[in-house]
Amino acid sequence: MNPIDMQNKYLEILEKQGKQLKYISGQTPIDHSQSYKGNIENFVGFAQVPIGIAGPLLLDGTAGRSEHWVPMATTEGALVASYNRGIKAGALSGGFVSRVICNSVQRSPYFEFDNLTNAIVFGKWIKSMESMISSGVSQASKYAKLVNIEVMHEGNGVHVTFSYETGAAAGQNMVTLVTAQLLKQVLEHAPHKPTLFYIEGNMSGDKKANIKSLSKVRGRKVISEVLVAKGVIRDILKSSAEGIVKFWRTGTLAAAQSGAVGNNGHITNALTAMFIACGQDVACIAEAAVGLGRMEVKDNGDLYASLTLPGLIVGTVGGGTSLPTQKECLELMDCSKPEDVDKFAEVCCAVALAGELSIGAAIAEGHFAEAHQNFGRKG
Amino acid sequence: MNPIDMQNKYLEILEKQGKQLKYISGQTPIDHSQSYKGNIENFVGFAQVPIGIAGPLLLDGTAGRSEHWVPMATTEGALVASYNRGIKAGALSGGFVSRVICNSVQRSPYFEFDNLTNAIVFGKWIKSMESMISSGVSQASKYAKLVNIEVMHEGNGVHVTFSYETGAAAGQNMVTLVTAQLLKQVLEHAPHKPTLFYIEGNMSGDKKANIKSLSKVRGRKVISEVLVAKGVIRDILKSSAEGIVKFWRTGTLAAAQSGAVGNNGHITNALTAMFIACGQDVACIAEAAVGLGRMEVKDNGDLYASLTLPGLIVGTVGGGTSLPTQKECLELMDCSKPEDVDKFAEVCCAVALAGELSIGAAIAEGHFAEAHQNFGRKG
Amino acid sequence: MNPIDMQNKYLEILEKQGKQLKYISGQTPIDHSQSYKGNIENFVGFAQVPIGIAGPLLLDGTAGRSEHWVPMATTEGALVASYNRGIKAGALSGGFVSRVICNSVQRSPYFEFDNLTNAIVFGKWIKSMESMISSGVSQASKYAKLVNIEVMHEGNGVHVTFSYETGAAAGQNMVTLVTAQLLKQVLEHAPHKPTLFYIEGNMSGDKKANIKSLSKVRGRKVISEVLVAKGVIRDILKSSAEGIVKFWRTGTLAAAQSGAVGNNGHITNALTAMFIACGQDVACIAEAAVGLGRMEVKDNGDLYASLTLPGLIVGTVGGGTSLPTQKECLELMDCSKPEDVDKFAEVCCAVALAGELSIGAAIAEGHFAEAHQNFGRKG
Amino acid sequence: MNPIDMQNKYLEILEKQGKQLKYISGQTPIDHSQSYKGNIENFVGFAQVPIGIAGPLLLDGTAGRSEHWVPMATTEGALVASYNRGIKAGALSGGFVSRVICNSVQRSPYFEFDNLTNAIVFGKWIKSMESMISSGVSQASKYAKLVNIEVMHEGNGVHVTFSYETGAAAGQNMVTLVTAQLLKQVLEHAPHKPTLFYIEGNMSGDKKANIKSLSKVRGRKVISEVLVAKGVIRDILKSSAEGIVKFWRTGTLAAAQSGAVGNNGHITNALTAMFIACGQDVACIAEAAVGLGRMEVKDNGDLYASLTLPGLIVGTVGGGTSLPTQKECLELMDCSKPEDVDKFAEVCCAVALAGELSIGAAIAEGHFAEAHQNFGRKG
């Protein structure tokens, strides 16, 4: 089939379901005269990244059961095909169960004092002010909600981590601006004035992979699980539960030996492609592409697979979510409304798990190189 | 100035320098009838991500001195402005010195044996075959060159890491296909047959942040340094060497306490924006956005700053580099030819260092929240 | 001076201060007929490890100012001499300030469920039971006090970390036994019964270095700081604040590059020697020898130095603290009573900091090999 | 049985095998008039730590099959009993296979230059001098042998890691003194003189847990494996292969989530007790107590278990190995001669693996708290 026909085939399928991709498809050009203030400075135009469609993904989420087409923006051949295979295996096994466990974005100001004893007095004081600070947050922002304050001492310094729920937004800017306001009050009332302070002492995990976020949460912590039927593993994934589990054990130990953050296979491929497509802060891949997968053989030969993503920084408002093609992608997924943010996170995690299944099966059975040979070569 | 005028201003400046952005600017629509086979499956169109221009960056690279406009694709306000500020500080201080230290992409097959003693025999044997395997690589690929073989034992298993130079390509597919061919020969001649093997045991650092890559190399290891003059720090960065250095020490210790990989501030912002613009594998941000920064006050009040990026997976051929807007971005940077790959890597590292300077100064002086207030809000 | 004379000189000095080392000195043999039940099985006798004395250490602790002789059991030449030098530098600079920040020992049972949704119900339930569980702890133990409960989800499993204050004991056994009792109640009342559970899912950091403990606390979190006068650095440490700070920066970045937990120099030397001497659980060195040091030049050329030890598992009751030579060591330090536990922890941290100063100066000035040449050779 | 009778029973058993424990048993007092120069400064006497005997351990090592009594010095009840149980399970299953994979101790000098380009010239130069430096090592030391030189660039600095085989010694002092001599020559001939250098830039992993050592070697890398028969697991370990494997998976993922170095259970317990008994540098527990365990169910219900210890810093000469009780322990193990060093390392690893089996079974079956209740309480 020639490229245009292929594209049209998908556009037609989607159109029948009431989904129009007028910007993505190029039917409607983007209006360069619109102000992209808030998104970019020194604007000269647009990077254009190919989008392929995977799915439909069958999801059992917090909001119930649903099906989702998944737009993936990438230039890497074989990627969409691989995810599509994992998504299909999940759909044939009853779907992926996904749940947002919690939502928390951190900003971690740092305060330094003349000496250790003053730092300790300050640490105790600010912890005692938690409920008062929480009220201050409610006044400063319609959306941000203080979850808790964590105090960490180092020498004569104190890192104070403010964790916020951020509503439908990814929330990094929100927590920066709210924290800046809190800081003024903290500095005014503190029992000892710090000799210096920063709005961020590089402790929050902003824009980087770290163990602290892995062991807690940054953005949204989401878990997906699926019970893949023995026959589906054989027919779709061309493997067995035993084969995938054995590979996963090897890969987990290798992750430990190489000092990886988590034990995931390639979740960055899922998240990056969806983040670009859907107007997320793609730079957050550094912190989001961290996860823990688990694979286990059940007595009947089925495969239990789960993926825990503790650092999913996503939003359905703010950032690039209102740009033309980005909004279209969110609409395609039924995730364009503020209240869809958890659903969007749950789809992201399920897609990532689908990809772990697909790559695990491919490597376990020796099909990995072959797939890249077939799909990853220019035609 | 209205958006279109702003855009036109930049396009004119670039045009005078012989740079045309016909696809980026939207003047020439992208041809959807072209086959994007090798880049995407289930193609439906294009995600469009705004590009802003930073620069010009003054570089002292392996290939000599040069100036570069830097296209950054992002939806995060303040980002381009922040990098522009750091780039300007560097230019006024004589430019950034950047050098590619080495190039090495890994593929790490895993072999498991009946018992430990057989695994040891195999490990010694494959290490002894290094020069023969190296010849095999030369025959199997025009571009890949075997750098070395590393053998790591775990129980009755052996991870064998093949490291390759990959020429002008990022090279992940290249090393997969070459290693697949090597595997056949290894399995045929091995003194003990493995009970199982994988083409990748999750040891190579592919698509994930880990310490092994940080302490060695994955892709290209690049270092940039700059000596920022005291007056430039004051006038452009609105800070002092002492202020930035103090913040950097705090941030480095915080990175250690939180279990980060490296001590960087926000290099993912630079690399992601350039990777999207320039057709790189953006998912590799997971492994590339890892770095070590160093800041030191000189006796005269100048600031020595360096950034070491050990995992820059980049190419000027392959992947998305030949797509319309992506190619235009590489051309804008004078990095579109195969022989430009080291230059491209050196620009990436310098831009990332510029951003570390800018954010370091902003946080040290309490301007961080303010910048996001001004630039990060929709107009 | 011959060995016996040297030994006698120290014993006399101590005796004048009312400190008798009758078991350590060998004057009174240990009674092998005593039951060492609770300390050892299959008892055959005693390992004898040489003890050297460093100090006196000048301390500003939670309980006020005090001076301490420090017994160090080791077979490594140069070790006691190096610590002695750092301790002297501290004493001449007004002493080390040390504070216990908090006390918390963890036990982390793991519960697994039929599926993710049941696990979530359980996680919420157990968190809601926190105050009731806390009462249960008070009934089950005279000494243990529940600090908090932390719930961490992974797939269909839940790690529940119970953190306890443990009084004067190191507390690992205490928290195991208390948690075992809690478990019975939890399992009886849980809204969903787990498909399996463990009293410990390897999450608590028991007997191993990890980032979670570094970023929080395990045992006692203690911080020491000292302001070393410029002249003392020159005369005693034979270096300068600038020299030590420069080395410390290098060492910190190297720790990051090599994936170390923390950035310390050699705190294990201090802690191991004191743990053996004082009847602590020496195996806990694996988790305790983790720390964060900071070194900064003050405007007047003095050196600010701090050391943060988040994982000091120590006690003045229980374990080996009542054995003959071990008790003598605690008495020598004025740390043998239950209420001395924080003081003991604060001395440990100060000694470790003294050693960081000494090794930092030695390496910065090129005296490191020399010291080992002089002290580390058999006479 | 009363304590003295119990002790006598073991001493008799050992005496019949020609093993006398005259110092350990207290029959012969230690001569304090002997000079302990090289082991301690400011000597005042000896710490006395109870020793229990585990074993005999059945070993298939590099030097053939052998049986070993294992002296463990500890004050923690239940420890010897737990190791004894694991050792018995191994013996009844045909013994533990252990192999030293390699021996390499590092010293990592750091050199800094005026700028990055000079650093690069130096890095290439020193790598090119590898064989000449290797000859220098042979002249400087009878025992040290250069394995390789690794060059790691960071900014304008270069960490050069010299790796040495150290013969029968643990070797930290040896590599320090040899490297100090090399340094003089390097500095004399270097094409660019460094602006500063240190004999150690904190990169070598000396006295700390890090990922670099985990992924390579520090001291001796040793692997042990055992195939535990189904019936033995049932009768001795009171568990099943499935139960232990399931727990091990949980523990491994927990290690990843908490940022542990490796995935081990409690190998520090084995190594610390043996290091104290046998005159090793106990402070090295910080770096040695790092390991990777693997547990797998075989088709017949047997359990494959392996433990990989990459950082075993041990020696049978030097350090405390010639002290009275320490030498007796090495003799008891038939590991007191220089050529026994690999055997000693192989026993250490096997004992550690025995303990992983024992704790894995205890936790899997809910016996962990009970064991500490029974053994860990004063009588």
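As written, the chain order gives the labels A, B, C and D, with residue 1 at the start of each chain.
As a convention for this text, a contact is a pair of C-beta atoms (placed from the backbone, for glycine too) under 8 Å apart; a residue touches a chain by one contact, two chains touch by 3 or more.
Only a predicted model underlies this, so the values are computations on that prediction, with no experimental measurement involved.
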Chain-touch separation of chain B and chain C, in steps, is 1
When contact pairs are matched by residue number, over half of those of A-D recur among A-B, B-C or B-D in B-C
Contact tally winner between C-D and A-C is C-D
Chain centres from averaged Cα atoms put chain C and chain D apart, in whole Å, by 21
Between chain A and chain C, the Cα-mean centres are separated in Å by 38
So chain D residues touching two or more other chains come to 152, 154, 157, 210-212, 214-215, 252-253, 255, 257-259, 261-263, 292, 294
Within their complex, chain A touches chain C through residues 97, 99, 101, 115-117, 120, 123, 152-157, 210-212, 215-216, 221, 223, 225, 259, 292, 294, 304, 306-308
As the complex stands, chain A meets chain D at residues 211, 214-215, 249, 252-253, 255-259, 261-263, 292, 294, 296
